[in-house]
């Protein structure tokens, strides 16, 4: 394990969801989700389109409520702390729970360096040395450093798709989150880049809890230690990945993963 | 078969020629105006024109230095009013697109864009000139500024709205508060586009004459006091054009040439700024 | 049904396993018949027909590989394909044992039998029962039935042991019959090994249905 990566992530924790409901106005998108996401493992969430998996992910870092008319009920514990508790600042939660999105979204006006440093810089960090150290650490952790170390001032958008996504991962890691959420991070990438992202996720899980939403079952099977199957806003089954994919307990899970529907 | 194909080819060629011709027609007025201005105005463009005050009535010589300076001052005032209000207002419109306030503001801005500029001048007249009991640069600046607001506001709204949601989400997911996301991430991304909108608006108000007639009013001398009437190119051109003096007529042409060149330059800069805008789609 | 051609292929796989099991069972039945009748010509035919069964085994294996590579099967489908893979090997071995019995028949030729055939036909009948029930369990995806079949393997072993003791007795008293007696023992051993292979098939059926892979009859 690279010592630099360990320095970036000083602690990680698991997430506990208890009877979580979520709405978009009247639409009841999540119905009573309860699951325990253990620390330092990759947990995958699979399910057909519209099943609520991305919605659930966005509840974990309080991004769901940014949509007008959106509502969340239930308890979500980040470690010991209830993230929807009274007086809890969502901005702080989003700092502690990072997110990488489906389509890589580096800031278009910023260089590679500025992108990686954005989280810290915009939060007020001005010390040049600190920024340089963190940028290098995060780019190394995202396995991107060697490819970009000689062109850190080039625009973030000048990289290839897979590189941009790794830059986004570096950017998320640079603020030292405790959990990293990945919303279909490789679905817009070619197979080789996809495998690199998967390997990166597995590697990062040694230090930081990862939750990955994917519609690609083989990816979930390759990457995760635990898998949850969502259907119509409900958690149908949750368990060790190997079990879920070789002998699932619920008929619906079986039908989904064998391609009988969805 | 062959005959139909030939007819089709001929029709294609004909339509291409017609549309091309119409495009040329669009260019014609501008080219003609510029040529005409150049022919009649260049002769009066000399050092004096840019440095001298207007001469006494009937006397040859003199320049429009104060009018040029005045136009620049008025544009600066207008920008000082129009840009902050326009940009911030446009930002609000893009973020809170469907509130009643937004819809009203949007409608109002569109109406204001269509109001004759002389009415804007009247507004400034009532608001500033009457209470002060005299004309002033301030009044002219306000008139132009109020004209600038809707243009800047709408273009800002359009371009900020085009900034993809993914950029905002990326910043928010990093734990950056919403106001800071807007200020340090979204607006900079839209910056070049906003500047383009501003420049286009400025180019338009720089040449407005009617609203200045009874706000800035014009001045034969230098003016450093914003609370006093001030000279401006459009007013000066108007005054010279309706005068009986040939020399002044030539200077009016020169003034028009300078004004058009100014507008042209600003538009070119706007183009340049637009080219620097980060592709948002 | 979203994956029609895939479903059809899986069904074809299952049907072919049953077919292959039937063919192996047939071969064993006819080889013991040939022993009873001392029909060397029949034995020759059985040996020649083993090639067809081998070809079926190859075809099944190849199709399993292709399904694994192209269809990303999961859960029950995955277990089915993995089970079929292993089952065809065991069925092919069973057919080889029928071939082995036929070779023994050839070697015995027209020589007089050393004793009336009692145990060997009994073993064969038991084996045919087991084959039928195994294929039924496979078709019906019935793990319990598969487990039951495996228990009969003990009875086959019993019968073989009895024959062994009997023949040993005879051989001690009359060394001249040793070559023929040994051939009988070889036949019995083939039948016993065939039953063992069938037990393996039952283990795979249980795995296919439940996901549990363990030895039956330890």
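Residue numbering begins at 1 within each chain, and the chains themselves are lettered A, B and C in the order written.
We take it that a residue touches a chain if its C-beta (ideal position, glycine included) is under 8 Å from a C-beta of that chain, and two chains touch if they have at least 3 such contacts.
This structure is a prediction, so every number in the text was calculated from the model and none was measured.
Student: Specify the chain with the shortest distance from its C-alpha centroid to the centroid of every protein C-alpha atom present.
Tutor: Per-chain C-alpha centroids compared to the overall one single out A.
Student: What's the chain with its C-alpha centre farthest out from subunit B?
Tutor: C
Student: Nearest whole angstrom, what separates the Cα centre of subunit A from the Cα centre of subunit B?
Tutor: Computed from C-alpha means, the inter-chain centre distance equals 47 Å.
Student: For subunit B and subunit C, let me know how many angstrom lie between their CA-based centres, rounded off.
Tutor: 94
Student: For subunit A versus subunit C, what separation do you get between their C-alpha means, in angstrom?
Tutor: The answer is 53 Å.
Student: If you look at subunit B, which of its residues touch at least two other chains?
Tutor: Touching at least two other chains: none.
Student: For subunit C, which residues are shared contacts with two or more other chains?
Tutor: none
Student: Which stretch or stretches of subunit B touch subunit A in the complex?
Tutor: Listed in rising order, the residues of subunit B that touch subunit A are 164, 166-167, 169-177, 180, 184-185, 188-189, 191, 278-280.
Student: Flag every residue of subunit C that touches subunit A in the complex, lowest number first.
Tutor: Within the complex, subunit C contacts subunit A at residues 1-3, 6, 72-79, 210-211.
Student: Which of the residues in subunit A end up touching subunit C in this complex?
Tutor: Subunit A reaches subunit C through residues 217-218, 221, 245-248, 254, 257-261.
Student: Which positions of subunit A touch subunit B when the two form their complex?
Tutor: Subunit A residues touching subunit B: 61, 63, 66, 91-96, 98-99, 101, 103, 105-109, 118-119, 122-123, 157, 168, 171-172, 175.
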